[in-house]
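These are the structures in question, set out in turn.
There are two complexes below, and they share chain A, which is joined by chain B in the first and by chain C in the second.
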Partner chain A sequence: MIRHIIRKEFTDIVRDGRFRWCSILVGALLLVALGHGWVQARNAQQEHAAAQATARDHWETQGEKNPHSAAHYGIYAFKPRLALSFVDEGVDPYTGTSVWLEAHRQNDFLLRPAQDATAAQRIGVLTAAQVLQHLVPLLIILLTFGAFAGERERGTLRQLLASGIGRRELAAGKALGVSGALALMLVPAALVGAAALVVGSPGPAASPLARGVVLAGVYLAYFTVFLALSLAVSAWARSARTALVILLGVWVVNGLVAPRVAVDLSKWLHPTPSAIEFARTIEREMASGAGDISPPDRDASTERLLAEYGVEQVEDLPINAVGVYLQESEEFGNRIFDRNYSALWDTFERQGVVHETLAVAAPLLAVRTLSMGLAGTDVEQHRHFATAAETYRRDLMRRMNGDMAENSRTGDFSYAADAELWESVPPLQYAAPTLGWVLGNRILSLLVLGTWLVGTVLVAAARVRRAEVG
Partner chain B sequence: MQTTESRAGHTPLLEARGLSKDYGDTRALDSLDLAIAPGEVYCLLGPNGAGKTTTINLFLGFVVPSGGQALVSGLDVSTHDRETKQQLAYIPEQVMLYRNLSGLENLEYFAALGGRGSLGRERLADILVKAGLERDAVGRRVSDYSKGMRQKVGIAIAMAKEAAVLLLDEPTSGLDPKASNEFSALVERLRERGVAVLMATHDLFRAKDTGTRVGIMRYGRLVTELSTDEIGHADLERIYLEHMHD
Partner chain C sequence: MAARTVLRNEWRLLMADRALRIVLGLFAVLLLYALANGVVWLRFQERIVETVQTGNAERASAIEQELAAIANGAEPASRFSDPRDPYVLGGGRGTHTAVLTPGPLTALAVGQSDLLPYYYDVNIYTNESSFQQNGEVENPLNLMVGRFDLAFVVIYLLPLLVLALGYNVLSEEREQGTLALTLSQPVSARGVVVAKLAFRALLVVGMVLAASLLGTLVTGGFGSPGRVLLWCAAVVIYALFWFVLAAWVNSLRRSSAWNATVLVGAWLVLVVVLPATINIASGLLHPLPSRVQMVTAQREASNDAVNRRSELLARYLEDHPEMAEGVVADVTFSGALAWAATDAVNRRLEEVTGEHDARRAEQIALVRRYRFLSPALLAQEVLVDAAGTGDARYAGFQSQVRAFAERWRGFFVPAILAGEQMDASVLPDLPRFSLADEGSGDVARRAAVPLAVLGGLLVLVGAAAGAGLGRVRGAD
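Then we have the complex of A and B:
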């Protein structure tokens, strides 16, 4: 019996001119956003790859010079765009895409697309994730607000229920009919997305297809939440207009109010320093240390080396004491950076937990977090790359200072290394996090979304069972 | 007044036993006893608020009785919702259909929900024509239909379902005399086929003409019951008005 309801609902919706226009509009936006995102991601990936190759070439062909000068010369590292970043660009426009790796400093990321965007561009950017997170739920609301309330108002609910159909069967049939109509719009978009992923993945990612499948599952769960919620409200509301007003209110809170509240509340609960404050703190601590972290004492370092090698003059040391001291300075700096950046990242993480927790009031917050995570564009994966880049920088500095210490003597400023040393430094090989790592970081969002899913389905079942005939 | 056996002597298809319904402090239906056999058309007359629609709603299981039982083919509606509805067809004052679907598609849908999904489109189209719809209207979208045409689709739904019981709630209200006559003729044909009909109406003329029995309700109570064979139109009007005075 339920298949008749599904078929009727599907036919009814598809014949409705309002649905046709809305779905054409949303479908077109989705396809354009996917296509535009893919092209942008591919171009960015190609530009980054070319820039990375140029940076490497510059490094290898920098000529003969002291290794510590080479450490100051430095090298750029470019954050790769992961395969699914064309679906959801997440925080990438705000976090930057490249970092200059040099001696003594853990630099901020550069090249933030949002910095270069004009005001019009900032307003006009529409990603596939935004279409899926905002417009598809709106379409679901418009298709289902009258599922019960509209039937009741028209008087068809009496006739339907008089025919022997149960309320739950009717609700299930309507939900599946609406799903079928939505599938007309979403399945082609999903196929285009999958094809873009398989045929021309714009960037690397661990298990991109698995991430894509989970991402599709997350959005399906999100749509089901809205479908169930709409059916519940429609079954409960006295009129279709009331149901529509309530559901639009939910949509506004979910899509506009909750994200704003989450940002403000998380910043209020876990404030972060401004960029200038942060830089000044590091500068101050680099000059005088912080807590139990003290700047290296050059005299003490020299004394230790003299004792270690059993000589009395630095000129008699078989190594360059300056190189050793520079490395000690690096390690001191590293501890200062770790202390400050860890605190900063941890604050971002706590802010993220606030967002995830507030998802109990707005499922969008859970979906957005999961979407960015699976697309590889969230703060955690930015941190993952930043950590990898910083580890690489430290290794690079260790190699340069080590070479200087081992191959020259204290006071010998003429020592110069050549391309052999530069080429011996392996390029940065970044391995993106696995799907398990991403999901492990997002347990809270998964739980909250799961609770929304089960909760709304149960509420819908209960409300539908008690739906008045009118 | 019989409760277990109707006046026609058959086991009743539709039966109310001490059926009552309260809405808060208001008693909408008070201990109704009623039995309608196959081939009977029972017309419930009464002013607004007399309990006619409440009675129909109780037989449809749309409201839960405060007391007594509503039975369809001997089955209690409260405990056998699906089974009893399979035997019922319901035509309200305004048969509301899906505007984006044709008359045929509407019939196809409701017939399928009523367990008659196996009927082919040609058969269903014939049923619509038998119900009085013109052949060229069968495939047109219902948004173009008049009220009379929609009522005919309602009858067609009942015919396709081959329901044993027909519940009619002011079915001719707002129809022009010609359409009302056509509707009454269709009900008469169903009656001849052994369908038990319960019709709530304000229309004394139609009740006398279409019904085999008439019950007059007031304040939720069945105050009198008459056989239409034994009275004329004027008698019915006089008796009705007598009962409407305090």
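Then we have the complex of A and C:
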């Protein structure tokens, strides 16, 4: 019996002109978004890789100079794109793409692509993820709102139930019929996405296929939530119209209102420091220290070296005291930067948790968080790369100051190192976080989405059981 | 007379409908929430602008005091921060920060103000790479989602409310069987629909305008009445567009359910799908040039100049005055030579950036043509521009800062090249940035075309609705 329901529902939908057009539109948008995202991600990745190679070349061919001058010259790091970023570009347009790694200073990532775009481009972004998060649920609503309410209005519900089919069977049949119709559109898109992933994943290996499978699972769960919700409302509502109005209201709150409410709420709960306050705090602490972190004392540093090497005069030291001191101040600076940047990143993460928590009212927020996380385009993975770049900078500075300390004498400004030293610094190799790391960060969203899934399915089952016949 | 009767009846009907009262109440709450967000953001920016300007004043007075002390025979605190040196007075220590005050209606539309920098430090080292800044510190996630401001409510939610209020103005009468009765009175279907929608429009537009004016009043935005007027015009035309769309759909004489489906579909296409499709199309057809390549080009451009030892030494001593003991101040080292290298770098940077900016401007001009396809994009452009948080105002600010940096260099470089020292007598003549903010006229000129197109759409759909309604008979 249930097979007939599924087939009837499926055939109905596929033959219905309105659905055909809607799903052709959504499917086309999905494919275009996937294609566009893929081309863009591939270009960006190639460009970043090329820029990274050129930056390395600049570093190696900078000529003979004092190692500390080389440290000031520094090197640029470019953020790589992970393989799945073509599905969901996430916050990438709003994080910088490159950072200058130089002496004494932890710089911010600059060049946010969104700064180059126009205001109009901020309101109408369409990535594959956004089609999946916004348009597919709408399609589900349009397909399901009449499942019970419509049959009831037409008087066919009584007839159906009289034929001996259980309500739950009827609901399952309808759900499967709708799913089948949706699969006609989603499966090809998923295959295209998987093919794109296999063909070209130029970014750092970060188990893209495993991430892709989990991503697909997350979206399936999200669609199931909407399917169950729509069935529940359809079984409960008096008329098909009421069901549609309620479901559209849910869609608007879920996709439009809740995400933006989360923005301002997160800023109220965890205020972001202003750029000028942030910069001035660092400047002040770099000058006079903070808490138990105090700036290195050059005289004390020299005294210690003199005692260590058992000599009287700085000139007699076998090493360059300036190099040692420079490294000490580098390490002092690092502690100040860690203090301030950790606080900033932590504020961002707490703000992110506000977004995740509001997912109890809007499942989109959980799905969006998971989607960006799996695509490698969330704030946490930006932090992950920023930390890797900063670690690289610190190692670079240690090597430069170390070479200066070891190979020159105090007061000797003529010492110059050459390409041998520059080449001895290993290039920046970024290891993207593992799937486990990503999911570990996203337990809250997983829990909330899971709760939505179980909750809506249970509510749908309960509502269907109690659905009135006429 | 008839119109007044319709209006009075409509008011009673609306007030009797509990669901509608709730929806209107909710809309009012959302308006106030949006307004509160905007005001908080504006106050934040105002506070920062004040901090920045205080910083300017503090730096200036510290320099003034030290110059006065030196004139009285005191020694400068450090040879490397001697304010008589034009490299110091015009360099890091004398930095003047150029500020863009928040747009007059920022509280109504946050626009680009959370993304683009609104102040730049200017000194003799300011060059094209100084403009590569992030602006305010902000969580990228929040930037991505965007703010819940009045502009958002107007562009996305207002049309939905209009559709909810207007989808069945005529179809309901027919479905309840009252259409024939109504039209047996001396009123036309057109008159009834116009009266009903006019009443609803008055209510909705009134609420939005009241919120806008309240926000303007609270934040002192009435200083630019032209902007307020443009904002209100955009709100009214955009809202009316959705009302006439509802009227037109009603004139097609279908069922309420059909009307609702079509109108929601229209909203989805015009507000969500079209802007997104336009962006995808423009991204494919007119991709913006990459900044990444520009960074590399800039680096290459400056490499050989930077490699000059003299400038490196100067930079080195600037960064590390404590290391300078033992370095004999060489008379020939100073000034001219170092500046020559800096200047060479600046010129190359300008070339590289100029090419990039020209390509970017071309692409954006192409992209902007497509906005005429979506009333939502047109409305957004006018709203944000009227608020003073649009791209144009920020671009204007940036070019003023460029000109100011040029003026700044013009003031100090001759002294640097001549190896001269400066004293307190130059202080009154130091260049100071004063913003030549765009006037309402400039904004109106930019907004004229999008507003005219929006108005044209309104007239077009309105005419179709009028014609369709003229054919409605009581017997339908």
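Keep in mind that, in the parts below, the second predicted complex is superposed on the first by the 466 of 470 C-alpha atoms of A that agree within 3 Å, B and C clash if a C-alpha of one lies under 4 Å from a C-alpha of the other, contacts with A are read in each partner's own complex, and residues count from 1 in each chain.
Basically, a contact is a pair of C-beta atoms (placed from the backbone, for glycine too) under 8 Å apart; a residue touches a chain by one contact, two chains touch by 3 or more.
Computed from a predicted model, the values in this text were never measured in an experiment.
Of the two partner chains, chain C is the only one touched by A:S69; chain B is not. Once the two complexes are overlaid on the shared chain, A:A55 sits against chain C while remaining clear of chain B.
In the overlay built on the shared chain, the residue A:R154 is in contact with chain B alone; chain C does not reach it. When the two complexes are overlaid on their common chain A, residue A:S274 makes contact with chain C while staying clear of chain B.
In the superposed model, A:S414 lies in contact with neither chain B nor chain C.
With both complexes placed on chain A, chain A has more residues touched by C than by the other of chain B and chain C.
When the shared chain is aligned, no partner comes close enough to touch A:Q429: not chain B, not chain C.
By the touch criterion defined above, A:S288 reaches neither chain B nor chain C.
Contacts of A:D264 after superposition on the shared chain: chain C is touched, whereas chain B is not. In the superposition on chain A, contact of A:A162 is made with chain B only, not with chain C. The touching residues of chain A, when paired with chain B in their complex, are 1, 4-5, 8, 11-12, 15-16, 154-156, 158-166, 469.
For chain B in complex with chain A, the residues that touch the partner chain are 57, 60, 62, 81-82, 85-86, 88-90, 92, 94-98, 100-101, 105, 109-110, 112-115, 117, 154, 157, 161, 167. Of all residues in chain A, only 25, 29, 32-33, 36, 39-40, 44, 47-48, 51, 54-55, 58, 62-63, 65, 68-69, 72-73, 76, 78, 90-91, 93-98, 104, 108-126, 130, 134-135, 138, 240-241, 244-245, 248, 252, 256-257, 259-264, 266-268, 272-278, 298, 322, 344, 347-348, 351-352, 355, 378-379, 382, 411, 413 touch chain C in the complex they form.
Residues 30, 33, 37, 40, 44, 47-48, 51-52, 55, 111-112, 115-116, 132-148, 152, 155-157, 160, 256-257, 260, 264, 268, 272-280, 282-284, 288, 290-293, 295-296, 299-300, 303, 306-307, 312, 315-316, 319, 322-323, 326-327, 360, 364, 367-368, 371, 374, 376-377, 380-381, 384, 390-391 of chain C are the ones touching chain A in the complex.
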